Amino acid sequence: MRMFLWNLLLALAWTVSTGQFTVANLLVGLVLGYFILLFAGRAIGHSSYFSKVPQVVGFALFYLGQLILANLRVAYDVVTPTHYMQPGVIAVPLDARTDAEITLLANLITLTPGTLALDLSADRSVLYVHAMYIDNRDVDEARRQIKEGLERRVLELLR
Amino acid sequence: MNSLILKVATRFMLPLLLLFSIFLLLRGHNQPGGGFSGGLVGASAFVLYSFAFGVPETRQALGVDPRGLIGAGLLVAIGSGLLALFMGRPFMTSVWGQLDVPGLGTLYFGTPLVFDAGVYLVVIGVTLSVILPLAEE
Amino acid sequence: MATLLAILIGSLYAAGVYLILRRSLFKLILGLVLLAHGANLLIFTAGGLTRAQPPIIPPDATALPVPSADPLPQALILTAIVIGFSVLAFALVLFHRVYQTIGSDDPDELKVGEQ
Amino acid sequence: MSLYEVTLLEGAVTLGLMMAGIAMFLAFFRLVRGPSLPDRVVALDLIGIIAVGVIAAYDILTEQPVLLDAATVVALVAFLGTVAFARYVERRQQDE
Amino acid sequence: MNLLLVLPLVIPVSTAALSLLAWRRLALQRVLAIVGTAVLLGGGLALLTFVWKNGIAATQLGAWPAPFGITLVADLFSAIMVVLAGVIGLAVAVYSLASMDEPRESFGYYPLLQILLMGVCGAFLTGDLFNLYVCFEVMLMASFVLLALGGEPDQLRGAIKYVTLNLLASALFLAAVGILYGVAGTLNMADLARKLSEAAEPGTMTALAMLFLIAFGIKAAVFPLFFWLPASYHTPPVAVSAVFAGLLTKVGVYALIRVFTLIFVADAGYTHTLILVIAGLTMVTGVLGAAAQHEFRRILSFHIISQIGYMILGLGLAGLTDSPAISTLALAGSVFYIMHHIIVKTNLFLVSGVAQRLGGSFELKELGGLYRAYPGLTVLFLIPALSLAGMPPLSGFFAKLSLVQAGLGAEQYVIVAVALVVGLLTLFSMTKIWAEAFWKAAPADSLRQTLSAAEKRSLLLPIGMLAAMTVTIGLAAEPVFALATRAAEQLTDRDAYIRAVLGEPQ
Amino acid sequence: MAVGMLTAILSGFVLAILAPGLYRIVRGGAGWLLALLPLGLAIYFASHAPLIASGDALSESNSWVPALGVDLSFRLDGLSMLLSLLITGVGALILVYAGGYLAGHPQLGRLYAFLLMFMGSMLGLVLADNILLLFVFWELTSISSYLLIGFDHERAAARSAALQALLVTGGGGLALMAGLLLLGQAGGSLELSTLLLQADHLRSHPLYLPSLVLILIGAFTKSAQFPFHFWLPGAMEAPTPVSAYLHSATMVKAGIYLLARLSPALGGTDAWFLSVTTVGGVTMLLSAWLAITQSDMKRILAYSTVSALGTLTLLLGLGGTLAVQAAMAFLVGHALYKGALFLVAGTLDHQTGTRDVDRLGGLFRAMPITALAAGFAALSMAGIAPLFGFLSKELFYEAALRAPAAAWITAAAVTANILLAAAAFIVGIRPFLGKAVPTPKPAREAPLSLWMGSVVLASLGAVMGLWPALGTDGLLSAAGTAVLGETVSIHLSLWHGLTLALALSAVTLIGGVIVYVSRGLLRRLASRWESLGQFGPARWYELVLLGLNGLAGGQTRLLQSGYLRYYLMIVLVATVGLTGTTLATRGHLVKPTDWSGLHFYDVGLVVLILMATVATVLARTRLAAIAALGVVGYSVALVFVVFGAPDVAMTQFLIETLTVILFVLVFYHLPETPALSSALARGRDALIATTVGVLMTAFVLIATEVQYQPPISEYFAEHSLPDAHGRNLVNVILVDFRGLDTLGELTVLAAAGIGVYALLKLRVGKQRGTASAASGSECAPSAGDASLPIANPMPKEGEVS
Amino acid sequence: MNDMVTAVLIVVGGAFMLLAGVGIVRMPDLFMRMQAATKAATLGAGCMLMAVAVHFGELTVVTRALLVTAFVFLTAPVAAHMIARAAYSVRTPLWKGTIADEFHGHEDLARQPARENLTAQQAIPSPVEGIDRLRR
């Protein structure tokens, strides 16, 4: 089932990128995708994406907002002579479990200006994050922001 | 290395990159791309994989011996050139077959494309047989 | 235009030559890479420069729009690049092995082999 | 194109390219300056990403969508190179 | 004809590809090596006879008309060189069966040998300057690997110098090609010959010619560009040294002769005088270098250099005389000398290998007693050695004689004197090897191994064959020299070449 | 087509090849058996006597390498006849003698082979009519002489003597070759017979002098004339039969033969007279003196041989009927008695174990036959009637007395002959008279094979002296005719009345006796002058060799220094020097003009590349350099983007990244190394680098300025789509128009792939220098290990490789 | 209109890149340089790719532009993460103004599997290498 989804995705990618939206070309794409998956099958583990499409949209909007805000903040700091940041490395205990959850979370954290996923503890229970703005030196608050903000949304998106 | 994040990302990217590489190979005759860039992209896909998962796993994922790819690629390339010779034309004279696919228009299949495929294979084979042993060092 | 690139090419050659004359195998290789860049740009420039329009016949058209870049030098460079890469790969590993064997980066240590 | 009688688009693209160009030089400065190896790696990575943008902009400037593929490739390889460097940094640290 | 011209490239590269697929099947690789080289030789002979009968042959690859596609051209000179490549390839392949150690065999020795041959033959046959560069690179890359294969310290040391200097040469060559394309807008050598003959800037072209002279000069190991050769040739396994000694530098010589008889002829007074000077210096420095050596293969290596001098001596003379007869004689001398040299020099290296096998070393002081113990080997050494020194009635004598006659004919008395004296010095260092390795009593500690019957077969058979060829070329010098003369006539007749490639001018 | 003489010559070589095998079968009798060939040949030549005697000549010609003017043309006239008979006759005796002298020697078979090979070559030399053919055999005699002198090859002395002889005669040979070719050029033919017909033309030709000088050098070296004489005494390292045959009877006569042969064409000029006569005279006197100061019989004989050769040269220098007659007679006479004496010396050595005349005495009783042979030969050498030596000496004096500057020449002649007479007594008489001296081996008469040769030769000397008419006259006349080119008839007779020559003979004899008696005194005198010896030509030879080795060593240390960067430097300097000067002097330099169409991003890009390049050069750490290099590569790729080369750009980006990755993988565990070169060196290198850069810039400018023809690319634009069904011209070129380039490139890639893999995985063990590689058996252990995974593939290796 | 949007996107993109450039030069320690640089640049590149999409409008171009953007947004954070992680592991100094480092002391914990994995790789060398080690 999941494989088929993949296959379809690849086929689509193929058709759009060749720019010929015809049954024949879609078939070509399917066949190609099939072989690639066959070829790379050993490599690709199982992962679930693209369920809950609406949440994706909602989440995207939220994240975009975050992104712009954070960017402006960093930008301001970069262009103004004085440094306002209060950086630090904080440990964020994770509720996220699956590879996909953790990865997505980490990437989103990293993608947001001001936070940067450093490393994952060996038991995958803690994510170490470098944060640029630990407002009024409150580490727990920063931790909470990440968990309540990004992680919660990511999880409801993926679960 | 052993970074979960990298691993997951790689799992996701490997097929995309392979698709892209074949895409480059096939459209190379009409658009930027071709056997070289295609092969190099394909190879980089596995190089990335080796960074994320280690070399032995990569060899497994690859499934074939890189040097096998080299030899096969060479033979494909030579064969594509020899075909014309058997038909009494000079070596490497392109031989084209065209078929009209409803909706796709006329597709040209010719020895040059086969030749390019040979290039593709050799490039992948060589790049990997250079980088993988080094990554093991 | 060409003049600017001519000077650039000259500088690449100069830098490459300077590096291969250093007493370091590592720099020697860097030099070879720079020389290769110089040679590729040289072919590119000597073949004549055309801005932007690549030698590709647009999907709808049946002829190459003029002016377009000269495809031949590009093909030559592609060949040269790939050849250069394979040579470089080999040279790198060779120097690596030499380093492991004679335990030095100094080409003067290679004298032993000869005299 | 010459610098007078620029259309709005040309002007914008030129401006964008200039800013990107400056950024590239700044990144290069960091690459040369270091001090730490990761600094250089970050700089290289940055140059890669900027190159993607530059190529995109140049696409528009010259009406040459074909160059987009180059951008794609750059995006790919910049990532690859960075990962390689990161790997290098860690392994060297582990060897010591 | 299409077939004949292509075979010398296709056969080796196919063999290489198959050997790669048979990576773990050593026996199969060995068979492939023998068969491949044998077929190559056969193809070469067929090509030679074809060209002898029908004149210069050309095929337009991909059926694209010259000068747009790549043309393969075979005049007698090319054909001769291809045949020689086949001969050496076969001889060395057979020799390798017993002389090459299994680790190297299992790590791609045979496919590399084939790739080397492909590059060499390609260089001899291509009519396209950039393709010549590619063929050079094919040959070089293969030689790099063969040189370093096994990774012994001395090999690696030698390889670095070899690789670096040759890469420099390649870079220069590539640059020269690029510039030439920028100027003349073509890469086909015949087309270049035609277009440059009406060139507006002869002087500039001469400068460009110098760039080629240097690039090819490095490959040909002429003075003062030969350092890579003595630095490396004594380090790899003998079979490798032998095939290098026989073929590599000769490709450079071939390129020099081709380019300076076909393309850069406008300013012969200048260029060919230069070539003549270089020839003299090369002969002298090479032979003096040999005189200073006391190791079998090093002596031989330096002699390669001094003999390269003889080969390009003919080229130089050809450009400096007004008499067509003399210039033909000079070029014929060069061609004849190349034929003689390739066979003899390869053979001497092969002999050195056997000597090392029996005496346990290449160092002359550690060798000895071969004359008393191995009369057969003694003869097999004496023939190529005396031939190399130009002793009649062996091949080397007629090679030297023709060049000397041409030199006197062109009234270049100095270079003739140099050539004769160098000949004596060559004899001197051959007798050094003879006296030390063969006459002198064996040192007490030198270990005496004996050859198994199989080893005897695969080691001595090629040596014997090559020695026989040396004698034959000497005793039957007339037909061979006639061949060389015909080749020289074709070299001097540029229009014939151009016509063969580009067709009749419309 | 006649092949008589060709067959005669080749038969020698054929038998030479068979000889060792034959010896293995027949053993003892081999010498006798082999001697049949020269005997037969002698008869064959003699059979043409009538023809020759009639002043005619026998010629045959077959083509060999006409393209180079080398033809198998032979000519048998009086002179060749005379020498052919000598060569074959003495040859036969020597083969027999050798069988006895070296009986049981393991390499006797090879000795036979070399002797026969020499005989063939020598016959060819004297019969050849084509000068290049003559040269061919000339060189072959040198080689066979080399192999024969070094026969006792495990003795260093023998080896170096052989080398000395080879280098001296070989060097002369090269001069001869040049001289002959010049002569041929002057005369427009390579056939002696033709050349001799145009004497006047040749003598007046501008090439006459150079060719004469070169030819004389050849002749003098071969015939051991001063200052090249020193190799001959050294050659006495050879076994005695060899010395008797090559270095007395035949080979050393080759030079004389050449002089005689060419004298009609080259002789008769002042240049000829002065050079030949002087050299001959000096050689004659000097070596006659040296002869009597020796105590080793072979050395005495050697020096006296040199002296005799000097005499012959002198006579040929004088020219004229009488001199030539004398020369011919002397040539024969000397061959007979000197050959005999050499054989005697060998016999004594063989039977008594010493050749030192001071340790021999009273052997007559023990070895009467040998004694008689020796006596006759010695008396003939001393020129005592009625032996043949007497006749030749008489003729010599006659010629001397009639020569220009007669006084000088006669004086010299007499002095030399006095000394030689003494030498003859020392060698041929003294060992047998007086009371017996104990010798290392108790003396016993030699076997037949050892005395036959000397007896035959000695008695021939007597017979020919007593009855010259028996054939000697005819033979000598024919020879003289051949040399002079006009018919002469020689009538030797013991008595022509009380002539001045007779008186001189008497003087010679008396003088000889006196010198013989006072030889002890003379020798002591000589020993005082010995120090002079180290300024002699032999010393020059050593110095030349030393100088050569020094020069060779120095040059090699200088050029082939082993320093890679000096190699690179020399190559680069040569490049810039050669190309730059040519461009500057002959080409036209383009001024940088074309700044048109610049865009800010072009400039920015170029500046970035330049900065990155500088950063690469100056980087302190490896990784900084690598990163900077990456920037260079990326921005170069951007240049390709800017100028419409997306394919190149893409490939460049990919390759660049892989390159960076390679660098990283290779260098990540290599420690940093300090900069080693001095500031001065850096400055020098920077200079070289700059010049190279300037040169390249100049070339690019030229390439962009000059454009003879429109590039061939239009063709691709036209045919790509219709004929190659491709829109991307670059790709179409790569896979179709110029597919072979790509194929070649693939093989390069393949080779590189194998290479890297092998370099990383294969390490053959290192035994004793580079030896291991050459022999599988030697590196068997490592072979076993390294190839283990291949020999029997293991799963692990399956993945690894 | 179309051009307008394109222009804006390009300029914004350029601005982001410039920001990144300044950031990487100005920020006091590596981590903050990354914070300032990579992300801004990624956004900038994204904008410019969008500009391409808007400008050309053709589906093939648009889709490819989108794909590239997606690709960049996927890879950039991973790359950043890799560098940061590596940098921290080699103890790249933090800015003096850094107020907390909860990772300090836990790196080994995080790194452990890597170690194992590494040694595991070295434990099974190819036979050939095995010999080499013996020989060295």
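Which chain is which? They are A, B, C, D, E, F and G, in the order written, and residues in each are numbered from 1.
In the analysis below, contacts are C-beta pairs under 8 Å (C-beta built on N, C-alpha and C of every residue); 3 or more make two chains touch, one makes a residue touch a chain.
These numbers were taken from a predicted model, which means no experiment stands behind them.
Remark: among chain pairs D-G and A-G, D-G carries the greater number of C-beta contacts.
Ranked by separation of Cα centres from chain E, the top chain is A.
In terms of their C-alpha centroids, the spacing between chain B and chain D amounts to 27 Å.
With each centre defined as the average position of its C-alpha atoms, the distance from chain C to chain D rounds to 21 Å. If each chain is reduced to the centroid of its CA atoms, chain E and chain G end up 53 Å from each other. The geometric centre of chain A is 84 Å away from that of chain F, both derived from CA atoms. Shared interface positions of chain F, i.e. residues touching 2 or more other chains, are given as 560, 562, 564, 568, 572, 642, 644, 646-647, 650-651, 654-655, 657-658, 661-662, 665-666, 696, 699-700, 703-704, 707, 711-712, 716, 727-728, 730, 732, 734, 736-743, 745, 747-757, 759-763, 782, 786, 800-801. Contact with two or more other chains is made by residues 20, 38, 42, 45-48, 51-54, 56, 59, 72, 76, 78-79, 82-83, 86-87, 89-90, 93-95, 97, 107, 110, 112-114 of chain C. Multi-chain contact residues of chain D (touching two or more other chains): 17-18, 24-25, 37, 41, 43, 54, 58, 64, 66-67, 69-70, 72-73, 76-80, 83-87, 90, 92. Chain C meets chain E in the complex at residues 20, 25, 28, 32, 35-36, 38-39, 42-43, 45-48, 72-73, 76, 79-80, 83, 86-87, 90-91, 94-95, 97-98, 101-102, 107, 110, 112-114. For chain G in complex with chain B, the residues that touch the partner chain are 71, 74-75, 78, 81-82, 85, 113-114, 117, 121, 126. The touching residues of chain C, counted against chain F in their complex, run 1-24, 26-27, 30, 33-34, 37-38, 40-42, 44-59, 62-64, 68-72, 74-79, 81-90, 92-97, 99, 104-108, 110-115. Only residues 13, 16-19, 67, 71, 74-75, 77-79, 83, 85-91, 106-122, 126, 128, 130, 132, 134, 137, 139 of chain A touch chain G when the two sit together in their complex. The residues of chain G lying in touch with chain D in their complex are 3-4, 6-8, 10-11, 13-15, 17-22, 24-25, 30, 33-34, 37-38, 41-42, 44-45, 47-49, 51-52, 55-56, 58, 60-61, 64-65, 67-68, 71-72, 75-76, 78-80, 82-87, 89-90, 92-93, 114-115, 118.
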